[in-house]
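What follows is a pair of complexes built around chain A, which joins chain B in one and chain C in the other.
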Partner chain A sequence: MMEDESFTDINGKSISLDCQSHSSLCSEFIVSVPKVSIGKVMVYTCCVWLLAYAVFFFTENTAVLSSAIFITLVGMMLHIHFVKVDHESLLVIGSLGIQVSSSYASGRETTTFIEMSKIKDIVINEAIYMHQIIYYLCVLLKEPSDPDAVSSVVPLFQSSKPRLNCLVKVYKSCQEIISKC
Partner chain B sequence: MVSDFFYPNMGGVESHIYQLSQCLIEKGHKVVIVTHAYGRRKGVRHLTNGLKVYYLPLQVMYNQSTATTCFHSLPLMRCVFVRERITVVHAHSSFSAMGHDALFHAKTMGLNTVFTDHSLFGFADVSSVLTNKLLTVSLCDTNHTVCVSYTSKENTVLRAALNPEIVSVIPNAVDPTDFTPDPSQRLDDRITIVVISRLVYRKGIDLLGGLIPELCLKHPDLHFLIGGEGPKRLVLEEVREKYQLHDRVRLLGALEHKDVRGVLVQGHIFLNTSLTEAFCMAILEGASCGLQVVSTRVGGIPEVLPEELITMCEPNVRALCAGLETVIARQRSGSVPSPASIHARVQNLYTWRNVAERTEKVYDRVAGEEVLPLDRRLRRLRAHCGPVAGSIFAFVAVLDFLFLLLLQWWVPDWVMDVAVDATGPHGLWRQVPSSKVGAHSKSAVK
Partner chain C sequence: MVLKIFFPQCCNRADSGLLVGRWISSQDSAVVLAVIHYPFIPGHVKQYIQQMQAKSGVELSVLGSWSLPKDGQEGMESFLRDLSTIFPQERWLQINREVGKMGFTCQVLQRDQNGRVVQRETKKKNEKVDEGAGEAGGDEEEQEEEKVIFVHYEQRKVMLSQLHPIENGVPDPKTAPPSELRQMFQTVANSQPLFFLDRYDDGPLKSTHWQTEGREASIIVELLKQALIPLCMLIGWLLSVWTWVCNIRIFSLYPLRFLSSKLSTCIQLSYRTEHMRLLSSPKPAAGHMQFMRKANIVVSFLVDVALGMLLIWWLYRDNHITMLANMLVPAADHVAKELDELLQWLMGAPAGLKMNRALDQVLGRFFLYHIHLWISYIHLMSPFIEGILWYGGLSACLGLTFALSLLSDMVALLTFHIYCFYVYGARLYCLKIYGLSSLWRLFRGKKWNVLRQRVDSCSYDLDQLFIGTLLFTVLLFLLPTTALYYLVFTLLRLVVVLFQGVLHLSVDFINSFPLFAMGLRITKPYRLAEGVKFRVLCEEPGTALHLLMEINPLKCSAVVQTYRTLTYSCYPKDSWAALVKKLFVGELIYPWRHKTTKTD
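== the complex of A and B ==
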């Protein structure tokens, strides 16, 4: 089953949510963020270069210009490798666990798996983030010694930050799967 | 409700906000409390009955009151006001910079505002002249002001140069079921005087330090129980040291609200030595526990209790000693009313339900009023607060408005998620299973 609706993240940029239900006990949610726009790259590059040129104009030192080129290249590489996330996915398999993975624009992927025995619940929580108060989806982990206590919280979709309507959709399907096992 | 002062901090304002909110929720209103972060307690919390508290991470400057720059709190406050769909902003306590900030931003955003003043101020010294000016500015375009006693109303009206018609008096209350008398806890071979207050200058701890040795010398069976903490604890410790009264004067340190009753019921006489007080909840709690109350005649205290339940003295050591002597003599002769009868009289005098009802009326009235648009607000500021301060704050108001426009462009209102109501007409709280609420301090929103 494939579904596509239009959702936005907390800053009003559009993102897409892709729900794939593999079986009644297993489904995958992929939140995709639009790719880096060429215009934005141009603007940032222009800013750095104009600044560098202004400095060069006063100091007349060519090292400024070459370092500007270097900074732009390294900055872009670091950005696509560590900051820019293309899509984040959440794979919930009833009775087994939850796999959270995010793939960066450079192709790098990070994946973590949380066993079902460690998971207490999945909830939507509220938090203060920068100068906003936002909703986010998180996994509550059990304290090994005391099954009623919550030892820590793992936030999901950390870089895409979808809004509440998207979270509610994911939350409902997750709860359906978790409640079955 | 906005105030710097809320739990886990302890005091009269905190419990006032909490109890009032609970009663308003009971009446079907949606209540959200905004305060600053206390240590590790920050973020969003839910308390009993779905009362939502925002602990915003703002810098604390002095005495648990946040630093005010008029602007830095706007983004977060706006976020709270927009997502919770607030209609009336109610700030508490004139010491709370955050409360004033919230009023200022709320007016910029076009929301109705109410302010509750909990304390009295002087007019003479430099600091009160400055605070009074700030209060004038803050209240000159606030829709309505609430004071806790008639003395406090008079004081606020004079300080802030307000129109008395927009100032209401709504007293504080006590929960009579929390403060019930229990004479079996008293020790019959002695007379115990209980003092519960913060040990600070305003509460007249120096007077207390003066009268303890005098009375202890005259009455060998007299004991003091003193609850509370503060800088003036030194004075009491000094007195205790000097007159060797360690077994008769017990300093209990800071008390939690739930322990107060346990201390009160051990005593025969409740003593309040405040030098300034707008309402004084403490004497009400003392009387509710069936104690004889002796207090200084200051501020709004004479309004609080009927004359036969309280002994008033002038705020000096000699008068207080004389007052205590007469009460001690009455206690010895057994001619005082029984604790149960005192409790029965007090329990219906001040209830939170009544407070909530009256506050509700204020809200209803305020919600119908129009909020001054920016140009009239500026004119009013300049006309009302003097040419210099008025112009400065008019300028600040314009900046605040521009900042708001910037924020509205940066993060438009439609981008913010509307919060799920826990309380109020569409409250979801009752559907949340109670076991789940207890399990997480940060509760899930369904």
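== the complex of A and C ==
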């Protein structure tokens, strides 16, 4: 089963949620963030280069220009490798665990798997973020010594930050799977 | 309930036979370790499993049957059913895979109290969905409540990998039992004796599992191990001689002990001795952590010596030593000249400031005389400098760290005059600051109560007030002159401290960086596992779950943090704010490392 729906994130940008149900025990939710726009890249590049040219105009040192090119290239590489998230996915496998992974625009992927025995619950939480109140989905982890207490919270979809209607959809499917086991 | 079956990838195409593995009963999962092929005699299988159980300490059992029928092998259904009565188990798995379609069929037979075999479990037909690795997809008729999840794993990687964070020793009864994945990893790692049975062995049993392809190389390793024993004994004997020399009474006398605790070469020497003692101990490493520690020490020692040899090769190739020695005296002269000029400048009107002339002259002459003393000392030493450098350079064959420590000590000795200037300036400044602060209290009619550790009010006599105020004024007006000298020499001192700090940091880096763990992480990422990650192999709707378990390697930062060799920390003990406060009050700062603070 595969559905593709578009939602918006907390800033009003459109994101798409892709629900794949592999079986009754396992489903995967992928939130994709729009690709970086060419206009934005152009604006940043032009800013750096104009600034470099202005400095060059006064100092007449060509090293400024070459360093500007270098800075732009390295900055872009670092941005797509460490900052720009392409999609984030949540794989819920009943009785086995939850896998959270986010893949960056360069193809780098970071994955963490949380075993079911460590998970207490999945909830939607409220948080104050800058000047607004946002909702986010999070996994509550059990304290090993005391099963009733919550030791830590793992927030999900940290970089895409979808809105509540999207979160509710994911939350319902997750609870369905978790309650079965 | 969900049944999880961990299935090794190497058994995907195995001939029909019996599944050998372990039930992790508390979590309702089964770890398949090997397939024993037909034909076999059940007694042999039972005996073999008992043997393996005794060797590995894992509760092995026959989990069920595996069939991949070739042509003309039909009607095995009843035979497979009968097998379950030969190997009585609570549950009996029957996994089928058909050659033409490469399909999977899984049946779970449950044995109830009466000893009757009840078949009440899923019957699944798995259509082949070849997903790269040659896995099979599943197709499930969802009428039963029990479901099966197949988790395919690579036996070799799971066997060799070490799950982090490391738990060793007896599990704590207070905390929860080890998690399912950890148990699974332990099971596969401990059942290594099972994997020694070779495919081509001529025995009563034949089995399929992961098996090593590099037995010949391990012979070389064994020979090397044998050869290392006398080497370890030799090192141990040398170490005992060295410790005996170090423990001679003359070395524990006060000035020598103090000196050796301050010289970084001595500290490095004791540090290396400790390492060598650890390495030369005849006992094998107990546990993963200690093994990694030993390996890290060996690799960093070898790299250290190699770098040291490189340095020696450069130093002694084109007589660089003589060049350095010839450069040193003019450099010292140059520094002295610069300092001379600096003092002359300070004795005039530095930066247009008007100093107290008398005090300025006294301080300036005092420091000038010191520089004169220093320079004549250097010139007296100059014939011996080349020899000292020549023999000192030889210490690099013990490792680059020794050469760097020696350089740090030499810098400390050669810049002793700067240290002296700094101490005089700081002491003078400190005295003034203390005098001013206590006189400022007198000025306000207060005093410091030593017993109660607080400021109390106090009524002074007129004479006391008069003298105090007079002294306060004198000190206040003399302060800028002292402060200026203090400032200049502190800056000089800071340059030296910074240089020595960089040297100490690089020595510490070479000593503590876990090179072996890092190499392992880069070349064989599965060896150090942070956890696992799963990939869904079957994409078709309504099919049973087939997951591929891959190993998630540890992050590089975590590798460094976990496996850093314990070392004497030489990082600044104070925070930046504390350092600035110390500088402002005029307390002395040192780059010396503190032997007592051992961090991990």
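Note that the second predicted complex is superposed on the first by the 180 of 181 C-alpha atoms of A that agree within 3 Å, B and C clash if a C-alpha of one lies under 4 Å from a C-alpha of the other, contacts with A are read in each partner's own complex, and residues count from 1 in each chain.
Methods note: contacts are C-beta pairs under 8 Å (C-beta built on N, C-alpha and C of every residue); 3 or more make two chains touch, one makes a residue touch a chain.
Just so you know, these numbers come straight off a predicted model, no measurement behind them.
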Partners on chain A (chain B, chain C) - clash or fit
fit
Contact-wise, after the overlay, does A:59 reach chain B, chain C, both or neither (first, second, both, neither)?
neither
Have a look at where A:12 lands relative to chain B and chain C in the superposition and call it first, second, both or neither.
first
Of the two partner chains, chain B (first) and chain C (second), which one does A:111 touch, if any: first, second, both, or neither?
second
Looking at the overlay, what does A:145 touch: chain B (first), chain C (second), both, or neither?
second
Between chain B (first) and chain C (second), which does A:134 come into contact with in this model arrangement: first, second, both, or neither?
first
Touching partner for A:24 - first (chain B), second (chain C), both, neither:
second
Can you give the closest approach of chain B to chain C, taken over C-alpha atoms and in whole Å, for the superposition?
16
Taking the touch rule as given, give the residues of chain C at its contact with chain A in the complex, in rising order.
2, 4, 27-28, 140, 142, 147, 149, 151, 174-176, 179-181, 531-534, 536, 538-539, 541-545, 547, 552
In their shared complex, at which residues does chain A touch chain C?
1, 21-26, 28, 91, 93-96, 99, 101, 111-113, 115, 117-118, 144-145, 181
Contacting residues of chain A [partner chain B, same complex]
8, 10-12, 121, 123-128, 131-135, 140, 148, 150, 163-164
For chain B, which residues are in contact with chain A within the complex?
42-44, 54, 56-57, 75-76, 79-80, 83, 411-412, 414-417, 419-420, 439-440, 442, 444-445
